[in-house]
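Below, chain A partners chain B and then partners chain C, in two separate complexes.
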Partner chain A sequence: MAQAISPPEALEDAPARRYSSDAAGLGRLRAGAFVAPALALIAVFLVFPALWVLYLGLTNYRLTGVAAAEPQLVGLDNFVKAVSDPAFWNSTWLTVQFVLGSAVIGQVVLGFTIAWLMRDRTGPLKRTVEGLVILAWILPSAVVSFLWVALLDRDGGTLQALLHVPGLAPLLDHPMLSIVIFNTWRGAAFSMMLYGAALGNVPPSHLESARLAGASGWQQLRDVVFPHIRGHILTNLLLISLWTFNDFTPFMLTAGGPDGQTEVLAVHVYKVALQGSELGYGAAVSTVILLINLVVAVFYLRLLRSKK
Partner chain B sequence: MTRFVLGRIGFYTLIAVLLAFFTIPLLWLAAAPFTSDPTYEVRVPDFTLDNFRAILEHPYALPSLLNSLMLAVGTALLVVVFAALAAYALSRVRLPGRDALLYALLLLSSIITGTAAMVPLFQLAVELNLIDSQFGVILILTGGLLPAAIFMLKDFMDSTPKSYEESARVFGASPLQIVRHVVVPLVRPGLATIAVWAVANVWGNFLMPYLLLSDVEKQPAAVIMYTLYTEGGQANLTLLSTFGLLYSVPVVLMYLFVSKKYGFRFHGGIKR
Partner chain C sequence: MAAIELRALTKVYPGGVKALDSLDLAIPDGEFFALLGPSGCGKTTLLRTIAGLETATGGAVVIGDRDVTGVQPGGRDIAMVFQDYALFPHMDVTDNIAYPLRIKKVGKAARQRKAEEVGARLGLDQLMDRRPGQLSGGQQQRVALARVMATQAQAFLFDEPLSNLDARLRLEARTFLKKLQRELGVTTVFVTHDQAEALAMADRMAVMEAGHIRQIGTPAEVFQRPANTFVAGFIGSTPMNLLEGTVGGDTLEVAGCKVPVPASAEGLLTDGERIVYGVRPEYNTYSAEPADGSLGGKVVIVENLGASHLVTLEVGDVLVQAVVPEGGEPSIGADGFATPRRDRALVYRDGELVSA
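So, the complex of A and B:
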């Protein structure tokens, strides 16, 4: 009972109390103990590997051979090698195509279109459409990538049977387009759900007055809807760009081939580091990937802030 | 009037195209497991169950589903317990550097992914003797999911009223009792969401177990699925289609359960 009578320590900390009050009387020490296990795991398995990547990138570490036993610091050699390696630039360029094509254009446009078409609807049509889109998103990636292999196969894939084009081999002839369409299909659900929630927040009265003022569908979108959901669009773009950038699933469709035409950076790292066993060089490429991720994240967060 | 009719026609054409785009790739998974001698082409199934008999006889197929379950449940447990403790403390107590920490967590959760940290994670696993250890995979996956989980749960904790905790305190409950008997029941839907999100993430995760588990008896379904279609040149479609279906059903059931019970509304949750 003593606890109930004595005032909570938050009183000494009056400004903090406004922000959040320690209602259960946890105190800083116990709060620290609550946070500690999570932070320890994050530190060991997330922060440490990230820092280790920075160090490894400066060594000539290999999976096998002399350099495996005693890796040596080689300074910026790996970075110089990466920057002067056409394969690296090729992968970067492919990743840009993949992210722009499947995330920024594909998933955003498709997700928004579905959310917009379904905005005032209820009933079985809406449930069917949304259910199918979400199904594509929740199935395990190993399964969906094989489904697409079956769909696009050269010898009797479903697409070939539907279109009656013998010898149609999208995975061989247009590998990048194939994985872009695949990833659009795979990830549209996230954008659809996010925009669906966002569109629910657009006040119907604004749309109504725009309509009464004679605004066309496109004008309503541009002048009423987009300003309202700008924050959602940016959050969505940030998340799906980063996810797509680091996505390893293309590997399961094409294994980076044919001829490296779909060797996006995530696959490129896997190939040089673990298949080619050049861990040091792979780490240097990873560092570059981390830097690009950071730049992308900061860019979007800046845009988000500039709104406020 | 014609404009209205054209609009309707346009709308339904678009819906039909969308439905076709999303259905066609899935047809094979629905048909092939029940077709004898399936090919890549979707055919009307003859509803045989022989394929399921074949998968029962496969030495690694069913055990790999158990492995997946173990990884998913283990990771979800650790993520929920640790994230809930951390999120509660961060939500209620103003620890020094809290805001910076949360901001860093958000960046970490979206930036550091398996692919960028692939090399050091592999090395770390070698050093800590966690290669071929399912517990190791659980720890690594937990570390990867925790930042986003803490972030989502803190939002959730912030929006739950503090009055229950305050009144429990007036009646003399200790802080730990309050957490266990007042806070946990209040945030149970949030904990369930995080658990489902973690299970779905781990169930589908391919890269980490692929990197860290070389013993085929320990590999989860994602890896077995991939080996089924890459090894031996010719993919065994009988096994693949049936196994793919068995592997997919749990997540679909889980999704249906969650959307029935809680409604699959979006609150800015994060899936990787």
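So, the complex of A and C:
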């Protein structure tokens, strides 16, 4: 009988415990010891490199030569150089095109469409479609890049052979379109899975209520589905915008070319810092990218927080 | 406003489950009709098939003079209140009520006027700017009703309209719904698993079991003369006493006692035949002394029903229940006698009611 009485006592203790800062009862020291290894890893691999990049951006550090041995602080010279360099602005504009085209439009629309069409389906068709889409996502970048080069290549690419158009060279004629389509294909899986889960949260009765009112498919999407998954859409946009913004994979398809037409910011940094060996300048551009990322993130988080 | 007619309606789910088995049902214009049955009996499937949310495997749904079997839900000119009310959380009350009108391309001013008119009628005039999340369950239900009323549809369908309300509100809503339906005069079909709700609200009701309709009738008919032992056991807040027995001339031998043949079965029974004798506890008169044609035994349980008590007697090896008015309840272990009312007792042969 003693056991039967004990639960109420435990309940009485509960509120006091909830407000205690020491939930696990370990004490400050031992709790700190548990967290320390993780904090150390974060400090070494995340915080330090980030601060190091900020520092490098203020120097004339180079890969070779005198500046490599004894880098000098140059203040904001690198930043001034970046914002007055047309190549930087060209890369920024290309990145915006790449993000809008492949992430905000491509991956979201393709991912949502697949999720919407598959929402009520079960069985082999759904498993096959989802399997293929996810496969495109989980394969290593080097592998899929090679596959796409083989598909689009000017010298006997698969697409050329299929369409019987000799001399067809999408990577040279439409380089930006090529990497947009590539990245849409590559990343749609994440949006598909996220929207697939989100659509499961839309109450069936709400959709049925709209159907009974005579709402068309588009009206059901507008009036029932989108309002319900608004938070998911914004979270999805935030994540894939940032991922695509910093994506380096296009380099493996086009190497930034032809003639800089696909030199998005991530590729631009690689070119100036490692090929041009201006590490200090590259670090400064990286810092600018970080700032742009912050602005994008804050923009989405604001939208997410606002009720309407 | 229109009548609803179902002809040989069949619904088989993929996997072979037969939810509706060749149902025929006619609901006249303006009737408040209940579909009642235990869970899994097909009542919700039937309602959804009328709505067009499920596609019939066979048979026809006719609303008014129009065969709508192949028509999309939006084209059937019906409106439905869902169990969870299905109010859109991102729209205020006005927009929710006006939503079907918006889909029908009614002008903004006209649909707002209509929403306000219907809202005022249901006492929502102070709440028109609120979101559903800011309303109580009862208010949400009224918004859902207002949305249905604003459509001016030919027929209304309610799916378990009271199940999301707490017990007290449910009684109020019951009265309110019945009054509203009477005033509007729109043909209304509602689904419920609660027999008390069906009895209280419906003009007529269908009791369903495993995809079949077991009885159609007014609440009084279904309560007083259940057509079979399934309906007899399902209807009534205290289950009917169903006792096996044998016919012996003009008396029945039930649980070791002799009771007279009920009025409804007079002249329809043959000697020696095995039957089931049915009498509701409410139609049993309890006494402490033996009476003519009474079932005598020991009192084993007394349950308080408020203004009356449900007394359970052990008669032979079966249990017989009787409702006793307050003040007259016996003590446990006492000898008791239950005398069935001859004009209310029923006889079932092979599960079906014996009657002329």
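Keep in mind that, in the parts below, the second predicted complex is superposed on the first by the 284 of 308 C-alpha atoms of A that agree within 3 Å, B and C clash if a C-alpha of one lies under 4 Å from a C-alpha of the other, contacts with A are read in each partner's own complex, and residues count from 1 in each chain.
Methods note: contacts are C-beta pairs under 8 Å (C-beta built on N, C-alpha and C of every residue); 3 or more make two chains touch, one makes a residue touch a chain.
These numbers were taken from a predicted model, which means no experiment stands behind them.
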{"item": "Touching partner for A:142 - first (chain B), second (chain C), both, neither", "value": "first"}
{"item": "Which of chain B and chain C A:279 touches, first, second, both or neither", "value": "first"}
{"item": "Of chain C and chain B, partner touching more chain A residues", "value": "B"}
{"item": "Partner chain(s) touched by A:196 [first = chain B, second = chain C, both, neither]", "value": "first"}
{"item": "Which superposed partner A:27 touches (first chain B, second chain C, both, neither)", "value": "first"}
{"item": "Contacts of A:221 with chain B and chain C, given as first, second, both or neither", "value": "neither"}
{"item": "Partner chain(s) touched by A:53 [first = chain B, second = chain C, both, neither]", "value": "first"}
{"item": "Residues of chain C that touch chain A when the two form their complex", "value": "51-53, 72-75, 78-80, 82-84, 86, 88-90, 99-100, 103-104, 151"}
{"item": "Residue numbers on chain A that touch chain B, as the complex places them", "value": "1, 3-4, 8, 13, 16, 19-28, 30-32, 34-35, 37-39, 41-42, 44-50, 52-53, 56, 113-114, 117, 125, 128-129, 132-144, 146-151, 153, 155-159, 161-162, 185, 190, 193-194, 196-197, 235, 238-239, 242-243, 246-249, 252, 265-266, 269-270, 273-274, 279, 282-283, 286, 289-290, 293-294, 297"}
{"item": "Partner chain A, residues of chain B touching it in the complex", "value": "11, 14-15, 18-19, 21-29, 32, 39-42, 78, 82-83, 85-86, 88-95, 105, 107-108, 110-124, 139-140, 142-144, 146-147, 150, 158, 162-163, 165-166, 168-172, 174-176, 178-179, 182-183, 200, 203-204, 206-207, 211, 221-223, 225-226, 229, 237, 240, 244, 247-248, 251-252, 255, 264-268, 270-272"}
{"item": "Residue ranges of chain A in contact with chain C within the complex", "value": "203, 205-206, 208-215, 219, 223-224, 227-228"}
